[in-house]
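In what follows, structures are represented as structure tokens.
The same chain A turns up in both complexes below, where it pairs with chain B and then with chain C.
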Partner chain A sequence: MSASLAPECNEVKERYDTCFLKWYSEKYLRGNGKTDENECASMFKEYQKCLQVALKDRKIDKLLDEAREDSKDYDTIHLKRK
Partner chain B sequence: MVLTHTTNHSYTHPFPTVTLAFFLRYYSPQLNPFSAHVLSTDTIDSHVDPETGRLHTTRIHLKKSRMPSAIIKLLPASVTGGAGEKSSYVLENSIVDIKEGWMKTESRNLNFTGVLSADNSTLSSAVARPLSPNTWVSTTFSYRSSLGSRKTDKAAANEENSRGRFGWISGWGAKRIQSSIESIASNKTDDQIIKSRDGMKMVLERLRSNGVVAVLRELNRREGKSVFEA
Partner chain C sequence: MKVFSNSVTFNYSWEEVSIANWQKYGPWNDKSAHVIAVDTLNRSVDPETGILRTERLITCQQSAPKWLQSLLGSSDTSQVFETSYVNPAEKTVTMVSHNLTMSNLVKVQETVVYQPINGKQTQFVQDARITALCGGWQRIKNNIEDALVTRFRENAAKGKEGFECVLAMSRRAFAEEREREQSGQLMMA
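Take a look at the complex of A and B:
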């Protein structure tokens, strides 16, 4: 089982991952995964509650913001050119 | 400067299985021995677009860095991002369209951004034959280093005030370090592509002989067992 970057979130992450993979293979891939309100939604919320704190503590939230800004710059320079 | 490298490949597995293997590829080194450098994997976003039925997923992986520590030691924390000197955060975005039979993925470095970004876009497609036994993949790696660019200069200036170290790098040393990083990046690319394909193939074989639920059960059983044995 792959670990979370925050060991304190491992347990909720594992529950969500297992649910997601089951939902993905048994429902989504068979064309039955149309909405977000699936059986994994509450587990995802629990997991995010734990993870978001960890991302802030490790200042990864700032890296994410920078990456979004950076990819905007990159798109303007490289993708608009024809 | 941007370097790009595109390769094409096909897996002898149907499209849905390949997309599942993509999500599973860092799940466990027991499933994919080539994933031992992946320290953690977290999902930060996952939703199905109600209009298109496409699944959008964003994950953050923490990987051991492939960059030589001699170079990392020269770089200030503003560039390495402070994830520890030998590891780097990778942001992975993916979109699966099961109806149309394609998947797009993109990965980029979160730290080391001023130095090197490896964007890896993969397109897996069943080419209008959803039940085709093969899946085609096209992968483009691009490396961009921006040492000495406006954004990095600003970071460098801040760092110079606090440490007086990066000023030297953004001066005459920048070009040299940049070109050495770029050559390391492009030399390692082929090796990396082969390893990542071999890893995908091992996951795919496991999925072919067992379903995903059986594969997960087996992994959990083994992990549980090793806990009792220890």
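Take a look at the complex of A and C:
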């Protein structure tokens, strides 16, 4: 797995990534992963708690908000929302 | 604006490719040293369509040519924001991304789609649009766009080679996993 931009988050990230890959290959692709509440949810929360601090410290959070704004059209197309 | 398009066929099933795609920038890929970090920012399954939507932040060692870096006064890392959509019903992975760094000067928008050709082969289609936004001479804008198209072309070749490695390693890892499970079941029996 790849590293986090914040070295202090590497450990929680690795745990989450491993969990996600297992869920993705064994459940999601087989049609058994239809909800967000899965075995990786608590690990994701922990990873985000660490990452969000790092993003704020590096002042990337504002850039990301703008990027999200610019990406809204993609959701309309690729999530097939009317 | 300049466009770079590229298409590659991988001799792996769509399922295998879509799994390996999440490991593309990991240690199995020795051709992606310029990618320093990949962080997941958001992930959700759309309850209506079952589409998995993921937001990632990709941190790269600056790959723009030195003359461009000094011209634009940029730092040594650059960041890309990527949104991806896995549609398991239609068997597509679509990834759209654009640059966060220097985005007031140049806009790089990339779309990548993975879809099955048949049960054993998957097609990768890449399309990048590069627009220099800085005011001023058209010639400088052209030079910036051309330099980035060249960089895309170079990285595309490396990207294919690196991803082939990840696919091979991923297939091997899954085969070993299956073997372990099977021998485990034999022991139980």
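The criterion applied here is as follows: the second predicted complex is superposed on the first by the 67 of 82 C-alpha atoms of A that agree within 3 Å, B and C clash if a C-alpha of one lies under 4 Å from a C-alpha of the other, contacts with A are read in each partner's own complex, and residues count from 1 in each chain.
Simple rule for what comes next: contacts are C-beta pairs under 8 Å (C-beta built on N, C-alpha and C of every residue); 3 or more make two chains touch, one makes a residue touch a chain.
Given the structure is predicted, the values throughout are model-derived calculations rather than measurements.
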Q) Taking the superposition as given, does A:29 touch the first partner, chain B, the second, chain C, both, or neither? A) both
Q: Examine A:18 and indicate which partner it touches, taking first as chain B and second as chain C; both and neither are also allowed.
A: first
Q) If you stack the two complexes on chain A, which partner ends up touching A:4: first (chain B), second (chain C), both, or neither? A) both
Q.
Is A:59 touching anything from chain B or chain C once the two structures are fitted on A? First, second, both or neither.
A. first
Q: Please identify the positions on chain A that touch both chain B and chain C, taking each partner from its own complex.
A: 1-6, 9, 13, 16-17, 20-21, 24-25, 28-29, 31, 33-36, 44, 47, 51, 55, 60, 63-64, 67, 70-71, 74, 78
Q) Where on chain B does chain A make contact in their complex? A) 2, 16, 19-20, 23-24, 26-28, 38-44, 46-48, 50, 53, 55, 60, 62, 81-83, 89, 91, 96, 98-99, 108, 110-111, 113, 144, 151, 211-213, 216, 219-220, 223
**Q.** Of all residues in chain A, those that touch chain C in their complex
**A.** 1-6, 9, 13, 16-17, 20-21, 24-25, 28-29, 31, 33-36, 44, 47, 51, 55, 60, 63-64, 67-68, 70-71, 74-75, 78-80
Q: Note which residues of chain A are touching chain B in the complex, please.
A: 1-6, 9, 13, 16-18, 20-22, 24-26, 28-29, 31, 33-36, 44, 47-48, 51, 55, 58-60, 63-64, 66-67, 70-71, 73-74, 78
Q) What does chain C use to touch chain A in their complex? A) 15, 18-19, 22-23, 25-27, 35-41, 43-47, 49-53, 55, 57, 59, 79, 81, 83, 85-88, 94, 96, 98, 100, 103, 174
